[in-house]
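Note that the chains are named A, B, C and D in the order they appear, and that numbering of residues resets to 1 at the start of each chain.
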C-alpha cells in the first residue's frame, strides 16, 4: 500500500505528541515532518519521552515544511486561521485541531472567541469533526475542524436526546470535570504542582468557548437552552461530563435506551455504560486514558423529569488527537479504527 | 473553670476521630469516654494515629458508658434513633451527628431514608445543626442534630438567595464533588486503592438523602425546586459544591454581594471568596482541610439569569465534627470559635 | 496462520486482566478460556471494564478447562505448584506468573517463602522468565516461570554490573517504590482509599520474597551482598527502583555506559535513559503505564565509588503480563514484540 | 505578658507562609512586618489564602523594615549571608531558615554549596537548629540556623545510633522521598502539573547540600560514611526517609529501643512509631501535615546486621517553620510546644 505522507504542524504540545504517538503506528501513514519553532532540530523524544526508541524524528521549523498529502494543525488558537492560506499551498487536505474553524457562524465565532475571524469565508468549508454526527460529510471533505474536548463529551452525551426532540425548554446544565493536560504544556503559577495538586478550580463558570460548539451541534430543530461550567480537578487526562436535562414527556429508561441505541448502535467508539451493580456502573475517564472511546451512561430521576447523563472521554484522544485520527481514517477511506484500537488500562 | 464532662459514642470512625481531635484541645472539655464496640479496651491511637502521645485514652464499650454532661453521637445512621432513650438517661444534652434527627417531618424522613422513623415524636425536639441558620434556637437547645456534609455546603451556599426570595421557579442544579472520607472507615471493593485512585464516580445522580435537608432548610417561603447530584473524586477530605440557580430579576453582582454580606457579615466561619485575579479566585476545599470554614463564591453569567455559586468545606469539619463543636460552643455559652481556630494549610 | 489456542487460569485479578488485554490483540493467539471460580459464567468485562466491546468472553471455572496449546497461570502464590500436574495434562506448554517456580533451589524457596515446596522436582524444569538473561533457554522451553515485578526491576538494573564483576563486597542497597496494583485485587483495611491515598508504607523493610530471585540471578560468579526494601506509595501502576552499589574499581560513567550497551544494546524493551538536561533525565514509571519497557539510568557519585542505578517498569507489564507475553513470543517463535508495541502515554 | 515583636523577612514563599500561620496564633508574639519585594503593599492572604480573615497584614518591602526583637529570615539561599550585617542592625536575635549558616566549617560550606561564603566569620556564631541535639546552646543563642528539611529527617532518625557508636564502617545509605513544596513557590517546566503529577524524580542521586549537615551532625566521634539520595514523588508536603545502616555488634531490637528511648525519651516532638500490627506500623508523613512531630521507627533485618530506620516529618513544619518556632520558644524561654500543638489530621 502506498502510504500517505503526513505532517504535524505544532508538534511540541500534548495534542501534537499524542497525534505523533498514534500516527507512528498507523500502517498507512508516513510521517514526513513535525514542527516546533522552539525545538527545531531537536529530537521529538525530548518533548515526548514515551516515544524513545520508537522514533528518531527531529522537529522542523514551520518554514522548512514540505508538500505532503495531509497536514494536521496543532497550533495555539488563532494561528491556524492566520496561516491557513500558506498551509493550503502545502497539502490538499487539512485537519485543524484548534478552535479556529469549529463554528460555522462568524457571529458565533466572534461572540465566543471575543475577536474577529481572519478568514470567515473558509468557515463553511470545514466539516465539524465529530464522526458520529458528520461521518457522511467527512468522506468527501478536504478540511476538517476537530471538535473541542469538552464540547465532544457534552455533545456526544446529549445528541440522541436533542435529535429526538425530547428535551424541554427548561435549562440544561452541563458540568465538566477536566484534567490539567487540557490547558496544554505551558506552565504558570496556577499549574505549579504544590498549588495544583489536590486543587479544584472552577475555571470557567460560564462563557467557555466550547459552549458555542455545543449550541451549534445540539440546536437541531430549535435553539437550545444550555448552561456550561468547567472545573479542573487533580487529574492529568480525562473529562467527566455530567449533564442535567429536563425531559418533555414522561419517558422511562427503556425509551431512553432506545434513543441511544438508535443513535449509536453501530458506532465503534461509543459504549453505553449503565450497569445495575458492581463498581463500574457509570462512565469514568479513569479507564479511558489512551483510548478513543466515549463512554455514556444515564439515570432518570424517579422524582422528576430530570435525566442525568454522564459521558467520559480522554481529552487528548476522543477529545483531540484520537478523534482527529478517526476523522482522518474516514476522510481517506481507511478502516475507521485503524491505529485506535488501544482499549485503555485497568487498573491504572 | 469547671470542665464539662463529655463522651463520644461511636468513636472509631472518621467523624468520631475528628471530634476527639478537636475536643482534646478544648479548654472547657474533659473527655470522659469514647466508645467502640470492636475496639473496646484498645488505645484510641490505634484508630487515630495522628493523636499518638496526645492522648492515652482507650475505647470503652457502649454498655460501660457513664453519666456525663453531654453526649456526642457518631453512630451509623439508624442507631441513634433506636438507642436515643438510653442515651437520654446518661446526659441532659445530646448532639447527634447521624442523619436520624435532621428532618423535622416524618414523611420527609421516610421518603429520603426509605424506612420508618423509630422515634418520630422526638424529631421536633432537635435543632437542625447549622449555626448560621439556627443559632438562636441552639442557645437553649438540649438536642442538636448536626447537619449532613453535602447539605451544609449546599445550604450555606444558597441560603442568602432563597432567604431573599430571588430564585426563580426554574430548577436549581446542585453538583457536589466529594472525597472518600465521606463514606466512612468501612472498606469495600469500591474503596480499594487501585480502583478508587483517580476514579470519578457519580454515586448519587439523584435521591441523595441530604437532598431532604436542603429542601427543608431552603424552602423558606415556598417549596424549592432543587436537583442534587453527588460525584466522588480522588480526594480524601473536602466538598466542592457548584450550584446553578436561575434568578428572578436582573440582579447584578453587587446586589448579590449585599445579600451574602447581610446574611453572613458577622459569621466567624463563613468567608466570601471572590477575587478578580490570582490563582485562588474561588473557593477550593484544598486549603480547608482541618479548618471549620465554609468558603463561598459566586459568578453571574453575563448572558443569562444563571448564578453559579461555589461553596467549599472540609466534610469532616464544617461538614461534621467541626460544625458539631461550633454548635456545642453555642449551646454551652462558650466562645463560638473555641477549639476551631486552625486555619488550614497552604500548600498541602 | 494457524492460531495458538491459549487459556488463562486465574483471570479475575489484575495480572490476568492485563494478560487478557494483551492477548486479545495478539494476531497469533486465540483465547480459548479464562477462569475465575468466583465469577464463573459472568462476563470478563465486569472485572476488566476497559475491555467492554472488545470481548464478550465469559469466565469459566477451573474444572471446565479444556485442552489447549498453552496455559498462562495467574493464580495466587502456592496454587500453581499444587495443581501443576493437572495443568500439565491440559497443555504441553505452561507459563506460570506466580512465585512458585521462580527459585531453582529448594532451600532458597523454603527460606523466602517460609514453607515447603510441593513439587520441588519441577523447579529445574522452569526457565526463569527474564528474556534479557535467559532468551536462549526460553526458545526450547516447555515451562517458564515469569519473574517477580520488583525482582525484574532490580535484576535488569544491576545485571550488567554483576555480569562484569565490578561490584565490590560492600553491601548493595536496593530500594523499590511500588504501586498498589502490586498487591492485587483483594481489598482490605490498608487498601481503603482514605487510608491509602497519599500514604507511604515501607511494607517490606527486609525479607521480601523477590530478594531470593535477585540473589539467584545476580550471583553469577560469587554470592551477592544485596539488601532489599520495598515501600508502597500513592501510585497504582509502576515500580521505581533505586539501587546503590559500590564499585570495585574507579570506573567512570563511560565505562559503565559500555557495560550497559554491551548487555542490552539490541534489547527491544530496554532503554537507557540518562539525559544531561530537561525534565525527563532519569527513568520514571509515570510514562511506562501499559508499556513493556524497562528504562534504566545511572549516575556515578563523584565523591565515592557509589553508583546509583535507577530502573523503572510497569509492574503489570514488564513486571508481569507483558514480560510473560514477551517470553511467550520467544518460546513460540513469534516476533518478540508482538502485541507489546504500545509505547506508553505522555502526559498521563 | 509583653509580646515579642517579630518580623519575617521573605514571607511570600511556602516557609514564610507557614511561619506566619504559626506565629499568628503564638500568644507571646506580635508580628511586626513580613516582607516580599514582589508583593509589597499587597495583602499577605493573596499568597497565603488559608489565612483569609485570620489576618489583614500586608507585605512590606525589605527597605521598610523596622527594628524589632527578633527576625526570621526566609530568603533564598545566599541572601542571608549577604545581608546579615544589615539584619543585625535591626534585631538582636535572628533565626535564619536558609542554608547559609548551617555548616560550621567554611570548607564544608564551599564543598556542598559550590561557592565561597561571604561571611565565614559568623559561621561559628550560629547554633545549628535541631533542638533535640542543641537545646542547651539554643537557650543562650542570639543566632540560630534552622536545619535543612531532609537533613532533619535523616539526622533525627540516625542520631541515637551514631551517638552510641554502634554503626559499622560499612556505608550507610539514606533515601529520602520528598514532596514538591520542598522546592518552593517558583514554578517551572518540571513543576507543571501534567508533568509532575504521578512523577517520580530522583533529583539528587548524590551531592545534595543537606548531606553536609548530616555529616556534620552525625560525625560525633569519627567521620561518618553516609550516602544520600533524594527522590521527589507526587506529594506536596512530607518527607519519608529510609536509612539503611549496618551495625557493629549483634544488637537486637530491644537494645536499639533503649538507645532511642535514652536519646528521645522526653522529647515533645519525637514519637517512636513501631507497631506489631495494624495499618500504621511505621512512620508515614501522610498524618504529619501541619504538625511538628518527627515520627521514627526501625526494623532489624533478621538475616544481616542491617537496621532499617524510617523517619517522617512535614518538611514545612519540623523541616522548616515548625522547627524554627520550636527553637524560637527555647531561645526566648517559652514553653517549647507553644503554637505547635496541632497534631495533624487523619484521614487526610
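We adopt the following convention: a contact is a pair of C-beta atoms (placed from the backbone, for glycine too) under 8 Å apart; a residue touches a chain by one contact, two chains touch by 3 or more.
The model shown is predicted, which means the values in this text are computed figures rather than measured ones.
Peer 1: Looking at CA centres, what chain is most distant from chain A?
Peer 2: The chain farthest from chain A, judged by C-alpha centres, is D.
Peer 1: Comparing each of A-D, A-C or A-B with C-D, which pair has over half of its contact pairs in common by residue number?
Peer 2: Checking each pair in A-D, A-C or A-B, only one repeats C-D, namely A-B.
Peer 1: Taking contacts as defined above, which has more of them, B-D or B-C?
Peer 2: Per the contact counts, B-D leads.
Peer 1: For chain B and chain C, what's the span in angstrom between their mean Cα positions?
Peer 2: 46
Peer 1: Between chain A and chain B, what is the separation of their C-alpha centroids in Å?
Peer 2: 39
Peer 1: Distance from the CA centroid of chain B to that of chain D, rounded to the nearest Å?
Peer 2: So the centre of chain B lies 36 Å away from the centre of chain D.
Peer 1: Which parts of chain D, given as residue numbers and ranges, touch two or more other chains?
Peer 2: 14, 181, 189, 194, 197-198, 234, 236, 347-348
Peer 1: Quick one: which bits of chain C touch chain D in the complex? Just the residue numbers, please.
Peer 2: Touching chain D: residues 170-171, 173, 175, 177, 189-190, 194-195, 197-202, 205-207, 227, 229, 231, 233-235, 238, 240, 242, 244, 246, 279, 282, 284-286, 299, 301-304, 306, 308, 310, 312, 347-348 of chain C.
Peer 1: Which of the residues in chain D end up touching chain B in this complex?
Peer 2: Touch residues, chain D against chain B: 14, 17-18, 21, 24-25, 46, 48-54, 181, 236-237, 271, 273, 275, 278, 280, 287, 289-291, 293, 295, 341-348.
Peer 1: Mind pulling up the chain A residues that touch chain D in the complex?
Peer 2: Its residues touching chain D are 14, 179-181, 185-189, 191-194, 196-198, 234, 236.
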